[in-house]
Structure formats: C-alpha cells, structure tokens
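The same subunit A turns up in both complexes below, where it pairs with subunit B and then with subunit C.
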Partner chain A sequence: MTGVTVRFGPVAALSEASFAAERGAIHALVGENGAGKTTLMRVLFGAQRPDSGRVEVDGRPVAFRSSREAIKAGIGMVSQHYSVIPELTCLQNLTLGAEQGWWLDTRSAAARATELAARMGYEFDWHAPSSGLSPAGSQKLEILKLLWRDSKVMVLDEPTAMLSPADSDALYASLASLAGEGATVVVVTHRLPEVLAHCRTVTVLRAGRTVEARPVGETTTDELAGLIVGHEPPRPVTDRATAGAPMFVVEGLRVRGYRGDEAVKGASLTLHQGEVVGLAGVDGNGQRELFQALVGTRPAQGRIELQGETWVGLRPGARLAAGLRLIPEDRHREGIVEDWTLVENAALGLHRRPPLAKGRLTDGPAKLEHAARVADRFATRHGGLGSAIRSLSGGNQQRFVAGRALAMEPKVVLAFQPTRGLDIDGTAKVYAAVREACRAGACALVVSFDLDELLEQCDRVVAVCGGLVREPRPGLERDRREIGRLMVGVEA
Partner chain B sequence: MKAPALGLKEVLLALVCLGLVVLAVVVSGAAPAEALQRFVQGSVVGPASWRRTLQEATPLLIAGAAVFLALRAGLFNIGADGQLVVGAMVGAAVVLALPGPVGVGLGVVLAMVAGALWALPAGLIKAYRGGHEVISTIMLNNLAGFLALWAVKGPLKDPRQQTATTALLPSGSTLPDLVAAPPFRLNLALLVAVVVVLALAWWLSRTVAGYELSAVGQNPTAAATAGVETRAVTVRAMAASGALAGLAGACVVFAYERRFYADFSPGYGFDALGVALLAGSSTLALLPSALLFAILATGTTAVQLLGVPRGLSGVLLGALIVAFAVVRYRRRSP
Partner chain C sequence: MNLALASLITLSVPLVLAALGGLTSERAGVMNIGLEGKLLAAACATAVVAVQSGNAVLGLLAGVAAAVVLSLTHAVLTQSFRLDHIISGMALNALALGGTNVVAKAVIDQERSLEGAYLPVGFYWAAAAVAVVAVAVYLARVRGGQWLLAVGNDPDKSRQMGLDPVRVRYGALVATGVLCGLGGALIASNAGSFTDGMTAGRGFIALAALILGGWRPLPTLLACLVFGGVEAAQLQLQGTPVFGAQLPSEFWGALPYLATLVAMVGLLGKTKAPAGLGRA
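Our next item is the complex of A and B:
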C-alpha cells in the first residue's frame, strides 16, 4: 500500500501512508490512538475507499469497492470489536455470509469447522449459542472465520486487547503456524512486547503518516515507543501512595456466574484510602462477576462496605450516588450510548447529581461544561461535543469514559481493563488520573489481564484465581513471580 | 451528524413511489390529474377541508406522541389503537353517567387511566418476563376490540338506536370549539394535542426521567450500569404511552364524535406508528408528520368519490415511510 490518503471531512485520517507486508510472516502495525492504523487496514479490507493511493496484492493493483470483494481476493479482517452475533450458534457465526450453496448443510459444515479448529488446536461446541463464549473464545472464532473464507492475508485489529497473557501467547502461536503455512498476518496492536516477541516487521504510523518500517530485530520497545508518540515516552511512576485507613471492604463475597455456577467463592478484599489496587488474573476467574457484584448489577452474598456503610441491598444508582465510579469492561455495551452526543454520554451515570441535575430537571449548560471537562481530561480527540460518540476512534472513546469516571468526586473507582485500546500516552494518563483521584481521598480497584501494566502502575497487586482473591505475602506485593504464581493457583 | 445528500437512488425511489400511486389511480379508472385536484381540494383548500384535516390530525398527534414516547424507551407500542379505544369508551361512559364539565374532566382523566392500565400488562411482561411488547400489545388490541363491542351492544348501548352505539353526549358535555366559523371549526382538542407534543419534547430533553428513558431505549445495559432502574422505566414508559393513547381516544369522543360505537377507531393507533416513525428522532417533527398523515387521510377520502379505493392512502403512506427510512437510515454503520 503506497501513498494512501483518507479524509473525513476536513480531517485527514491518513496522508500518504504506506505499508508493506511479505508473505509467510506476522507483521505489526503500531501507533497512537487515532494515528490511522484501523483506517489503513480498512482500506486494505475494502471497507474504506481511499481518496488516493495504491493498494497491491501479490504485485497486482487492486481497488476493492467492498469488503466482499476483498474477502474474495483472500483478505480477511478481525476488527477490534468482535462481530460475533450472540443469538447464533458458533457454527452459524462461522459460516455467516459464506455459506456453501443455497442449502445449509449443518453436518458437513460442522465437520469442516471441527477440522479447521483442530488444525489450530481449538475446541468448539459448534451447536452451542455463541453468547456463552469468552472474549478469547470469540477471538478464536473470528480467526476460524478467516480460515473458513480461505483468507491469505489476515488483518487482526487489537487481537490481544481482551485476552489473558496465556491466551495471547496461544493466539500468536496459532498465527505463527498460519504464517508458516504461507499466510500473511498483520496485527494492529498497542502491546510492544508482543511485537518484539512475535512479529517479523513493524510499521509505525503517526498522525496518518508512516514514520518507520523495519524488521523487529533492529529495534527496541523504547525506540518504538519514542517513534509512536514522537517524543520521549512517560516513565512508569515510582511514587507509590502510602495507604490510609481501610475504606472499601469486601468480605466473603459469593456471586453466581452467567451459567449459574458460583463464579466468586467468598472473595475478600480491602481497599485503603489513597491506594490503587490491581486485580491480576487469567480471564474467566470470576473478575467479571466480582466487578458486576460491586457495581450492583449482579446479585451477591457477603459483605460490601464503603467507609462503614453497607452496600448490600443497594441498587447501582444508590452506589453511584455514594461515590462509585466505573470504567466498565465493554464500553459499547456498558459504558456509552453510541448514537448519543458526547454531551449526553458525559452525563451518563452522573446524571442525577448536581450540578448536572437540578432536582428532577437536567441542567443543559452544566452538562455542556461537564462534557468539555471530561473530554479535556485525557485530551479526547473529537469533532465537537455535539457529535455522536460513535464518530470517535475506540481509544478516544475509552479516554472519554475514563475522564467521566474521574470527573466528579469519586470515592471508589472500579476499572475493568481501563486501558483497553489505549496507547502508551493514554495509558499513562489514565493511571495518573486514577492515582490523582486516590490522593484526593478515593481508592481504586483495577482489573486487568495485563500483569505488567498493573505492576507498573498500581500501588499493590492482588491476584484472582478460581473465584478467590489471593494476597501476595508481605513484602512481595509487587513481585511478578509471586503474583504470577497466585494467578495460576500455585500455593505460596 | 451531517444530513445525507440525496443521491440518485433516493430520487429513483421517490419516482417509483410516485409511479405506484399514479398506477393505483389509473387502475381504478380515474384520471390522475383530476384525482390530484380532488385530493388537494379535499384536504388543504378551503375552510371545510382544513376543518376535516385538523380534526383528523388531533388523534394522530396525541397517539403519535404516545407511540413516540414508547419508541424512545425502546418499546414498539402497536397497542396504541386498543388503548385509544378503551380510553374513548371509558371517557364516553363517564360523561353519560355524569354529564357536565366535571364529567368531561373526570372522563379525560379516567380515559388516560384506562389507557395506561390497558398498556400496563405489556410493560410488566416486557420488564419482568422478557415477553415482546409487539406480541402482547397486539393481543391487547384484540381484547380491547371485543370489550368495546360487548360494551356498545350491552351496558353502554343506547336503546333508542338500531346500531351498536352509545347515546349522543349532551351538548354541554363536550370539549368546546375555540373557533367556530362554519364551515371552519377548531376544537380545543387540537390545542391539547399540540401542547402534549410540546410538553413531551420538553420532558424528554430537560428532565432526568426523560434522559433515563432515552438511555434505556438506546442501550439498556449501559443504562443499568449507570444506575437507571431499567425495569421500572420500561413499565412506566409503557403505561405513560397508554395514558396518552387513552387521552387521544377521549379527545375524539369529546371533541368530534360525541359518542362511542363499535369499530370506533379507523386505525388511528396504527397511523400513529407511522406518524412517530416519520418523526424520526425529533419530537417536534411529530407536528408536521401528523399533519401530513391527516392530509393524506382526508385527501384520499375525497378521491374515493372518483372510485379510487381508500387503500390508496395506505399505499401512499407505506411508500412514504419506506422512502423516509431509506434516506434516514442510509449508511449509518461506521
């Protein structure tokens, strides 16, 4: 791809960007939020028509008018937001849009699906509804969808954003085996260690331009980080908070999971005033259920107290009023209303608080002012507060959601993968703001599957495993090996 | 969001719609030019036409607001027609039992209560059992129809009449005309309808409850996470929608029909769906939308004299909504 330019109105998402990838290897495409990574890949995939530029596949110039044409030419893309339809079975999702012939031959389709899955070392219950899939499972299904369509070029946008480290490694292992069979794999990612560990070449985009493209062996994470942001990356913080009095206490919490089993089995956890606690763990160990129980959207038994006031029996609205603030895991489902403007979204969850509400009425000017502050907090790039939030890039939406959670006197900040899809700069800023809020008298619990991020950014890290919260031994609160052992259930 | 420019496809679509209408007129044996003239004269030329059109617009506005409110909460209230009928029936029954202005006031209130109660089961089923409101409200429409039929053949029937109808309401027991210059008439009910729409627009955009209702309609999971009691909002929205539909029924009885009879509604509740859909996301757009539907209804009634079937307005409205939907929902996906 050379000289690719894409304009959205007056804004140039890409200006003269170029990208090249050779067959049989994994290639990384990195860059800040809004640098144009996704747009560039959408051009390749035929989902975005470039204003100018050339795209060549196997040396032949192509100009896809639709994704359908791109798929025919052997190009497949897994977008950042999985397109798994929960109402359909896994098999139906797999074959959707690529059914063979007019009749649905479930049996032979399932046979071929199982064969494809076996090739990748995956296992699926093809006739189960896909709503039961974990993020890792959905990701695997998306990859199988590409194989089903005989893709030769596979583009994966942020494939590991939702995956645990073990799942990420497994993913790269399968990508490597695909590359070994002659596929061209392009990974759009923020996680530089992954790039260095698994990719052959890396292309850096900044503000819509290609600033660097070279083999991975000739670079380092530090250098890449510098190229991405264009200036020295912020250093990990070292000023750890001295924890104050116990503030938010969870004791013996039991929560039933999505399938009716007990997902949290008597978890206990204490957040002290001023501290940011990381909750590390492999995906599917009860983090999600624990989080929802603390929010109040999932019933739970046990003790939850904020500064001595019990939260048991309180509805989410009352908890929010008491100072609970959220950066939910799945922002599209839980965090924002996509068609709403930034102004309306900025108020969501805070809309009953003054000054946004005066009694039963909402205050328009106050909402506008609040939205401006939320957007400014993490330098959300947007095209006006009155535009729909869906027009923002994923990372910028996340910045906005994080800004909202920290905007109004938080007492307890609950964050689930708060830096999902954020670049280095954004990640640092979000954690800095969480810490700042905690300095001002709050406490925070951050759930993440990225242990290194938690170790770098949190005051203390605890592990969750099999529905239980496990604390590291004294003195080892930030010890990578200790917490890694707890995460996988090895007794200390 | 930028309004999409009209492309070739949209123009083609409009031409196809127009062609359909002309074809329908020609097939029924009328000259298109004459039909068009009748149509315009019958709906928007002269005081008598305007009286009919504004009369038609009254229930469409209020019931349109009812459907619009439910849509905002993510509910498709197909039951507006049944709620309207129940409201009209209760309103008429109250005033027949208690004539005079007090009776009218009480009739309006009880008509709204009746409409709300008629919608309530659908709301409860949706909120607590996940049963789809389209199914339950269609069922409730049928129940309303049979209930009304039983009432006007039984307890509410005027013994002096052959047909299944109540007695005419006493002349002091109706909503007054604001302007009465025959053949033009403008009833208080139309003002009520306009005020309902304005109030709804204000409520949706300026109150916490309106904000929460829209949040539930757009993304219930996000709303619940933001502390909104989504079930309560669903139930309340459905009941409020029913109350408005009931008000529409009462207005038709007290302002225009002055009695209740079998097959009372010519489908106001269903036209109201079109009114609300055509209004799109803007509450105030209910005003032109309802007016347009009213013009089409009175216009086709006028054209009927030429032998053009009344179903033509349905064809026209259907084509209109499809055309609108194509323009409005075009290329929304990112």
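Our next item is the complex of A and C:
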C-alpha cells in the first residue's frame, strides 16, 4: 500500500500512508488512537474507498469496491469488535457469505468446520448459538472464518484487546502456525510487548503518516513507544498512595445475573480514601453485575455505603449526585449518546449539578466550558465541540468518557476496562488522572481483564472469582502469582 | 366439513399469509407496519381486474402485483432513501386506503351488477400451507435465508462478511409483497367483491400475530389461528345473551381487536425482536 490518503470532511485520517507486508510472517501495525491504523486496514479490505493511493496484492494493483471483492481476492479481516452475529449459530457464522451452495448442507459444512478447527487445535459445538461464546471463543471462530474463506492475507484489529494473557499467547501461537503455512498476518495492536514477542516487522503510524517500518529485531519497546507518540512516553506512576480511612464499603453484596442466577454471591470490598484498587478476574465472574449493582442499574442485596451514607435503594442519579463517576465498559451503549455533540455528552449525567444546572434548566456557556475542559483533559482529538461524538475515533471517545468521569469532584470512580482501545499515552494519562482524583480525596475501583495493567497502575489488586471478591494475603497485594491463583479459584 | 372449522380457516388464512409477509420483511430488518395497506391494495386490484377481465388468474396476478409494488416502494424509501421505517409504512397505508377508495369508486360502483371471477378459496388455503413450510425451510436451510437472518440481525457485520444488506432486503420485500398479495386476493375472493376498508385491520392483527409468534414461522401460524379463532367465535356468539343481557353486536365485533390488545400487553417485552430491525 503506498501513498494512501483518506479524508473525512476536512480531517485527513490518512495522508500518504504506506504499508508493506511479506508472505509467511506476522506483521504489526502500531500507532496512537486516531493515527489511522484501522482506516488503513479498512482500505485494504475494501470497506473504505481511499481518496488516493495504490494498493497491491501479490504485485498486482487492486481497487476493491466492497468487502465482498476483497474477500474473493483472499483478504480477510477480523475487526476489533468481531463480526460474529450472536443470533446465528457458530456454523452459520462460519459459513455466512461463503456458503458451499444455495442449499445449506449442514452436515458436510459441520464436517469441514470440525476439520478446520482440528487443524488449529480448536473445538466447537457448531450448532450452538454463538451468543454463548466467550471473547476468546469468538476470536477463534473469527480465525476459522478466515480459513473457511481461504484467506491469504489476514488482518486482525486489536485481536487481544478482550483476551486473557493465556488466550493471547494461544492466539499468537495459532497465528504463527498460519504464517508458517504461508499466510500473511497483519496485527493492529497497542500492546508493544506482543509486537516484540511475536511479530517479524513493525510499521508505526502517526497522525495518518507512516513514520517508521522496520524488522522487530532492530527496535525496543521504548523506542517504539517514542515513535508512536512522537515524544518521550510518560513513565507509569510508581509512587503508591498511602491509604486513608475506609471510604466506600461494600459488604455481603448479592446480585442476580442476566440469566436470573446469582452472579455475585456475597462480595465484600472496602475502598480507602486515596486508594486505587484493581479488580482482576477472568471475564464472566460477576464483574459486570457487581459494577452495575454499584452504579444502581441492577438490583442488589447487601450493604453499599459511601462515608457512612447508605446507597441501597438510591437511584443512579442520586448516586451520581453523591459523587459517583463512571467509565463504563461499553462506551457505545453506556458511555455516550453517539448522535449528540461533545458538549451534550460532556454534560450527560452531570447536567443536574451546578454549575451546569441553572434552576431546572442547563447553562449553555457553562456546558461549553465544561466540555472544553473534559476534552482537554486527555487531549481528545476532535473536529469541534459542536460535532457529533460519533465522528471521533473509538480511542478518542474513550478519552472523552474518562475525562468526563474525572470532572467535577468525584468521590468514587468506578471504571470498567477504562483503557480498552487506548494507546500507551492514553492509558498512562487515564490512570494518572484517576490517581490524581484519589489524591484529592476520592477512591477508585478499576475492573480490568488485563492483570499486568492493574498490577502496574493500582495501589492494591483484589481478585474476583465465581462471584466472590478475594483478597490476597497481606504483603502480596501486588503479587502476580498470588492474584493469578485467586483469579482462577485456587485456595491459597 | 364442520362449519366452525371452515369459518376458523377462512378467517385465519388471510392472517397467516399477511403475517408471513411481515416475517420475511422484519426478519430481514425492515419494520413493516404497512401490511394492512398491502392487503387492501391487493384486495382492490384483485376485485377490479376480476370484474373487468372476468379472469380469476389475472385477478390474482393483479393483486399480487399491487402488493409487490407497494412493498418495493417501502424498500426504496427505507433502504435507498433511508426513510424511517414507521413513517414509510404509515404513508403507504394511507396511500393504499385513499387509492383503493378512488379506484373502487371509479370502477366498481358503476358496474356493481357484474360479478367478478375468483379462484376457489381452497387454492389460497393450500398456498398458505405451502408458504408456512417454505418460509420455515428457507430460513433454516437455504443460503438466502441465512443471509436474510444475518442482515436482519446486524447489517454492519453482514456487510463486513461481504453481504449486500440492501439487496437482501429488496428480495425479502418482494416476498412480503407476494405473500400479502395472496392474502389480499383471498380477502376479496372470500367476499366476492371489494368494499372500502374491507381488510378491517387484519394487517395489524397479522403484525400482532407475528410479534406474538416471536418472528418464527410456526408459532406465528399458531398465533394467526388463535386470532382467527377469536374472530370465528365472535361471529358465532353474536346475539348470545350474556348473564341475561343482550350485548350490542359492536361489542362482539370488537372482540378480536381486544384479544389482540390483551395478547400484546401480556407479551410486552417477552419476545425478542430481530436485533437489526429498523437499522440501516
């Protein structure tokens, strides 16, 4: 790919970007949020028409007008949020758009599917609905989808964003074996250690331009990080806060899950003033339900208290007024209203508080000023505060949501995967800001599936397993092995 | 044949055809409140051509064609022009209501003496039975059915998988037109002529049956039979005293609509609509 330019209105998402990948290896494409990584790959996949530039596959120039043409030419893409349709079965998802014939012979399709799965060492119940798949399962299904379509070029956008470390390693092992069979694998990622460990070459994009492309062996994490942000990356904060008095107390919390079963079975947890606590755990152990119960969107039994004031029976609005601030998991569904402007989204949830509120109305100029502050907090890149937040890239939306959560004197910050889709710079800044808020008298609970991130950034890490919160033994609050054991339910 | 059973079938089959029409549309992600208008247009076209040509087959074809044209208009408005699905459906219902009124006044009233030629209702019954099985098999076993479900659940992801949601939906809406056309032609054939607003909300009852049936073919068929049964029952019960009181016939006439309402309220939030319903 050479000289690729894509414009969205006045904003150039890509200007003269280039990218090359040779067969039989894993290549990394790295860059900050909004650097244009996903856009570049969408051009390759025919999902985005470039304004100019050339794309060649196997030395032949191509110009795909749709994903269908790209798929036909042997290019496959796994997007960050997966393209598994939960209402269809695993087999239907696998074959969708590449069925063997007009009549669906499920038996022979399932046989071939099982064969492909066996090649990768996977196992699937092909007739089960795909809604039951874990993130790792979805990712495996996506890889099999590429194989089903005989893809020769495989693009994976943030493939490990939702995977546990063990699943990530397994994924890279699969990708390596595919590359060994002659596939060209391109991985778009934020996680530099993965790049160093598994990829052959790395291409760095910054602000829509290719700034570097070289073999991985000739570079280091620090150098890459510098190239990505264009200046020295901020060091992760290492000074740990000294915890103050107990501030936010949860005791014996019981919460019913989505299916009516008990997802949280009497969890207890205490956040001290000034403390950032990480909640580690494998996805699906009750984190979501616990989080929602604390927010007030899911009924719960037990004790929830902020500085002695009970929160049980309090509506989410009242909890926000009491100082609760959120960085929700799914920014599209829970964090923002996509069609609203940045100004409106900045005020969302805080609109009843002065200075944003003026009697029963809201104060326009104050909202504008507030939005500007929120956007500046993490250097959200945007095309004007009056434009719809939909126009921002995913990472920039997340920065904005984080900025909002830390505005206006937070008391308790609840964050669910706050750095999902964020780059190094963004991640460090989000945690630094949470920490700063805590130093000013708040406390924070961060839920993440990335144990390393929590260990690096939090004062203390507790594990959740099977709906129970388990505290590590004294002195081992940040011990990787100890918490890893608690996460999988091994008794200490 | 047992009279009650015959009455049940007669009243249910138009609902079945219309509800299946709604099913192909809504499972593909296109909201369709315009079933009523399509039924009405088809009934009118069938009656008019039946009177004019005296040919039963031509009448049926005209009915189907009218419904397909309306359905494709819905496709053009919602898919190519991205108009809101509800608004488009309402507009087409209004168009059908007014349009059939004009056409019927212009053509049929002056030739009221003429009896049109209609296909025997048994043909429609058979068609409905075949349609239920065909739609069920198509969705479960045919490539096009898989595409239809995918597009109806998530058009964006489907596009990523190389499908063309707009094209799939155009196809689905042609099927909607054909099925509603059959339903409308049957309503005209049952009555033997066209009268203004003769579909009497059956398109909406069919939509309710579709929702009650959870957008699945066989449960939808059952729901149609229930609604058709209530309609048949009310005809039987007309004039029956209740606790010694003579109820006005309007009370009985309202019964099917009341039953629909009760079913919908009782069901609120319990069935799951196709995830991509109404999404571009």
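What we mean here is this: the second predicted complex is superposed on the first by the 417 of 492 C-alpha atoms of A that agree within 3 Å, B and C clash if a C-alpha of one lies under 4 Å from a C-alpha of the other, contacts with A are read in each partner's own complex, and residues count from 1 in each chain.
What we mean here is this: a contact is a pair of C-beta atoms (placed from the backbone, for glycine too) under 8 Å apart; a residue touches a chain by one contact, two chains touch by 3 or more.
Everything numeric here is computed off the predicted structure, so don't read it as measured data.
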item	value
Subunit B versus subunit C as contact partner of A:V264, first or second or both or neither	neither
Subunit B versus subunit C as contact partner of A:G335, first or second or both or neither	first
Which of subunit B and subunit C A:L224 touches, first, second, both or neither	neither
Subunit B versus subunit C as contact partner of A:R352, first or second or both or neither	first
Dominant toucher of subunit A (residue count), subunit B or subunit C	B
Which of subunit B and subunit C A:A183 touches, first, second, both or neither	neither
Subunit B versus subunit C as contact partner of A:L454, first or second or both or neither	neither
Residues of subunit A contacting subunit B in one complex and subunit C in the other	none
Residues of subunit A touching subunit C in the complex	47, 66-68, 71-72, 77, 79, 83-88, 92, 95-99, 101-104, 106, 145
Complex contacts: residues of subunit C adjacent to subunit A	141-144, 146-147, 149-150, 153-154, 157-164, 274-275
Contacting residues of subunit B [partner subunit A, same complex]	1, 206-212, 215, 218-219, 221-229, 334
Complex interface listing, subunit A residues touching subunit B	295, 297, 315-321, 326, 328, 333-340, 344, 347-349, 351-352, 357, 360-362, 364, 387-388, 390-391
